[in-house]
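Read through the structures below before going on.
After this come two complexes, each holding chain A, first together with chain B and then together with chain C.
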Partner chain A sequence: MSVDQGTVHRIAHLARIAVDDNEVEHLQREINAILSFVEALGAIDVEGVEPMTSVLPMLLRMRPDEVTDGFIAEDVVANAPEREDHFFVVPKVVE
Partner chain B sequence: MTAHAKPSKLIKGATGDWEIVVGMEIHAQVTSKSKLFSSASTEFGGAPNSHVSLVDAAMPGMLPVINEECVRQAVRTGLGLKAQINLRSIFDRKNYFYPDLPQGYQISQYKNPIVGEGEVIVDVSPTEQIKVGIERLHLEQDAGKSLHDQSPDQSFVDLNRSGVALMEIVSKPDIRSAEEARAYVTKLRTILRYLGTCDGNMEQGSLRADVNVSVRRPGEPLGTRCEIKNVNSIRFIGQAVEVEARRQIGILEDGGAIDQETRLFDPARGETRAMRSKEEAHDYRYFPDPDLLPLEFDQAFVDALAVALPELPDAKKARFMREYGLPSYDAGVLVADRDTADFYEDCVRAGGKARDAKVVANWVTGDFAALANAAGVGVAQTHVPAVRIASLVDLLAENVISGKIAKDVLALMFSEERDADPRDIVERRGLKQVTDTGAIERAVDAIVAANPDKVEQAKAKPTMLGWFVGQVMKATGGKANPQSVNDMLKSKLGI
Partner chain C sequence: MTDLTRLSLAAARDGLRAKKFTAVELTRAHLAAMEKARALNAYLVETPDLALAAAASSDARLAKGEGGPLEGLPLGIKDLYCTKGVATTAASRILENFVPHYESTVSSQLWRDGAVMLGKLNLDEFAMGSSNETSAYGPVVSPWRRNGSDAKIVPGGSSGGSAAAVAAHLCLGATATDTGGSIRQPAAFTGTVGIKPTYGRCSRWGIVAFASSLDQAGPIARDVRDAAIMLRSMAGYDAKDSTSVDLPTPDYETAVGASIKGKRIGIPKEYRLDGMSAEIDALWMRGVAWLKDAGAEIVEISLPHTRHALPAYYIVAPAEASSNLARYDGVRYGLRKPGRDIQDMYEQTRAAGFGPEVRRRIMIGAYVLSAGYYDAYYVRAQKIRTLIKRDFETTFNAGVDAILTPATPSPAFAIGEKGAADPVEMYLNDVFTVTVNMAGLPGIVVPGGLSAEGLPLGLQLIGRPFEEETLFSLAAALEQAAPRMEPPQAWWA
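Entry: the complex of A and B
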């Protein structure tokens, strides 16, 4: 499996990472190198083997339904480049 | 698809009949105090970003911990939908960019949802019932809210809703008309409210529907569908299905093809329009969330929740028909709202006395419901306790008052006599039915004597009797026992 330059652009766009045209060839090589590295896994027969989502032999820990957090609006917006009345302010986005 | 097209559901196009096919994704906000993966409040409203933890704001290093009550609520809902409960399910990340989604992904369930296939029985009309299959139910996070009207060139983002638990309930494409679509959502909302797992408040966005609509010639394979996003009232759901189906039929009959796309319903214009540009075609790149282990519980966990479930609408309706001898329609109206059903039962059983359950149903769903509705509340939310409706029904059954007077008394209970029991009102205001035959006879004689011409007519046309009854009732201030008046008039007029 390998990716073409169009796919590199597409992945970058989906991740909202700005990629200049002159970087694309380099990135394409890197991505393809990684893909060929993991391609070895394709040789293994995993028929009937459940995907492993965790290496920990434990169950998902649950918490009780209590309100013990929040009410820290000042902290929440502390690092926002722009804010007003504890709202985050961003460039206009309307569908 | 299984069933044949129902001829009554087809809609006529210029070139023949079309069948509408609808499937729905309902987003129901889980009733819980705190969020799905954080301990911030789920309360509606609140100052901007006040119900937000650093988890909800997606600050680096913060980790999600699941709320056990949200898990229980999803299982309860699954049980209420007679659905398969999956003892093991997995949380995935659904990746997309939007300013009100600070994580850059929504934690959702993709391939392994917590609830699998189920079924909802829907009353479309008093005589028509359909089954709508449930495809799945999964848990996921809600996004925040963007306000676009605060500034001409900026959007304001409030994350209070970010991370609140939602149940996405996906139906099978079993719905065949706008009417069925409305009835399905209505029934689903009733079930959720009975279960107490979602408040069903559509104005506050606790229940939102994405409606998938396609059309086809009867018997043909499914057509290309369009998804109408975020329809927020039951009436609009019906309208959206109707106008979208018409739009698609128009295109197909002109020889065009339907583009699979996401659309918005505009209630003001009564039309749907395309929402997202095509180049933004969704590519969510789902993958299992590495911050969360699989969600697992045992059958005992499910069984304990099943035992504690309340009686659900279908079971309650069946019991009302069996126990109180109610017709299907009456029982259906009463159980559509749990509080109404409870109020009705309180009326029937008040004071441990036996009373005619059908008569009680008539009052609760009829005159009383109308007065409650005029006051802008449900029957269980007025100032009138169930025991007073029971008392009114008893006065009627005991022949102390007539039906006409009973209606007047009920009206008084919503105006001058808000705090009085019907028995007191009748006593104090002297509204007792006149059963004294002497008094009735005097009134009858006076009417008969004053209207010789009408007496002649009545002999030829016995239906004239009603006019006489009305006159006597008027003369006695409505207090004469109608049966006695009837009997006496018949003998006096010789009919």
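Entry: the complex of A and C
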């Protein structure tokens, strides 16, 4: 499979990365090089094979449903590029 | 006084306990070496004040006969580990001004045990790369050079700063991380020792995530004993990482020097690649002979799905990366670029913040996870991962204790020499290391000798899950047998 320039734009939008028109051809070539590298996987017989979900047999541990951390709002917002009190500020999203 | 930076971590530890020198003297010696070695670009941030204060506290504890297993020992920290109050960039512009308000579990355990932080070490951006050339803050230069050449050589990646700093004696040891070979390949390129422990052995909490099902922390050090000492402090159960394993941490140092008589070592025929260089093949065969001489039994094994591991990795790792790196949105931390609306703000921020390799991997990941392609790429790659793991299980169930392979298909290359035209050329560096991450196994790399051009070459041992001790014993046997390497001349100082 290979991607066309329209697909490159679509992927860039899915990834929320702005791409200049003059970068598209270059990106298309690189993405297609990687896709052709992984192409051979399509020929492997994987009939009846379970996809891996955990690399080692591990059970997710349960713990009592209780507060173990918190009251650190100042720490949480300390690195925000824009903030007001303990809120993150974003461009307006509702009219 | 002899140059304290020439000591191994174990010798420095013993010297401190015997009061031959102080932690402040040891730290000062390293800070001075770092200052002279800035041309290598190994450290992104130096923290001399913090280091000297920590060393002085260590001296106070040592004077009272107290102190932890790493008391007063100066270390470098890969800049993927969050360090409280010290900038943590992941070598990316998007985290240029990020100062964590918390400490990663692994680094906090080093400080608990008395270690001293010298600074933060350069890496490939978000640990994506095999040469340290993708760092937003410039490549790291290896302390090694080819015979008769002053071409700048890469230290490998992604833990290139860690490997270069250890090889150039700019710290006694360093933390690193390994998603597809990022501890072991740079260790091989710089003549150092690096171990990626079993998935789950070290907590991932507080380490900037790349591909969560593959990422593991581990040390790079100058010899096997030093790596064992460091891993003991780094490993251990952490309730804050749901994939951290609740097992006791052995005293790995006691495994160094233990007999390897009767250990069964598998030699996988699939690792003999078409067109493999005679030099790498000869190194591998020397490794076989060294283990045999030390009493190990050598058996040929088959890992039939080996050649599919690297392509499958380049689906799984970018898929997880695209998901993990979705958090860099210009809202909660890191860079923000203004936009027409919130969507445009996200897109402008991420375009400005991510370098070309990271962008490429995020886009590949978004593609293989997108509707219509998820089954063909991602689910299929996860099925192939099951097959790769099954190969190893079959081998280990047949009584094989560990597997010996070359670490890399070639010695280190010069900056700018690889991957410019085709990203896949760079990816092929990880062909021998990536299977280990795909199967969650432990792997260690030790130096095996020098290439014809005078650059280090490494051997890799792959072990059963949670049997890092066996790897330390076998690696120590290889280290004993391998020719002594003269450390690189300090041309940078």
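Heads up, the rule we're going with is that the second predicted complex is superposed on the first by the 94 of 95 C-alpha atoms of A that agree within 3 Å, B and C clash if a C-alpha of one lies under 4 Å from a C-alpha of the other, contacts with A are read in each partner's own complex, and residues count from 1 in each chain.
Convention: a contact is a pair of C-beta atoms (placed from the backbone, for glycine too) under 8 Å apart; a residue touches a chain by one contact, two chains touch by 3 or more.
Not measured: the values here are computed from a predicted model.
Q: Which one hits more chain A residues, chain B or chain C?
A: When the residues of chain A touched by each partner are counted, C comes out ahead.
Q: Per the contact definition in the header, classify A:16: touching chain B only (first), chain C only (second), both, or neither.
A: It touches chain B and chain C both.
Q: A:64 contacts which: chain B (first), chain C (second), both, neither?
A: Touch status of A:64: first partner only.
Q: Pick one for A:73: touches chain B only (first), chain C only (second), both, or neither.
A: A:73 contacts chain B only, not chain C.
Q: Looking at the overlay, what does A:33 touch: chain B (first), chain C (second), both, or neither?
A: After superposition on chain A, A:33 lies in contact with chain C alone.
Q: Is A:94 contacted by the first partner chain B, the second partner chain C, both or neither?
A: first
Q: Would you check which partner chain A:55 touches, where first means chain B only, second means chain C only, and both and neither mean what they say?
A: second
Q: Under the stated touch criterion, which partner chain does A:24 make contact with: chain B (first), chain C (second), both, or neither?
A: After superposing on A, A:24 lies clear of both chain B and chain C.
Q: I'd like to know which partner A:3 touches here: chain B for first, chain C for second, both or neither.
A: Second partner only.
Q: Please write out, lowest number first, the residues of chain A touched by both chain B and chain C across the two complexes.
A: Common to the two interfaces on chain A: residues 14, 16, 51, 53-54, 56, 58, 60-61, 63, 72, 75-77, 82, 88, 90-93.
Q: Tell me, which parts of chain C touch chain A in their complex?
A: Chain C reaches chain A through residues 97-102, 198-200, 213, 239, 242-243, 245-246, 305, 308, 311-312, 314-315, 322, 326, 329-336, 339, 341-348, 350-351, 354, 359-360, 362-367, 370, 373, 376-377, 379-387, 389, 422-424, 427, 438-440, 465.
Q: Help me check something: in the complex, which residues belonging to chain A touch chain C?
A: By the definition above, chain A touches chain C via 1, 3, 7-8, 11-19, 27, 30-31, 33-35, 37-42, 44, 46, 49-56, 58, 60-61, 63, 72, 75-82, 88, 90-93.
Q: Can you tell me which positions in chain A touch chain B when the two form their complex?
A: Listed in rising order, the residues are 14, 16, 51, 53-54, 56, 58-73, 75-77, 82, 84-95.
Q: Contact residues on chain B for chain A in the complex?
A: Contact set of chain B toward chain A: 32-34, 38-41, 47-55, 57, 65-71, 90, 95, 97-99, 146-148, 150-159, 264, 275-276, 283, 285, 288, 290, 292-296.
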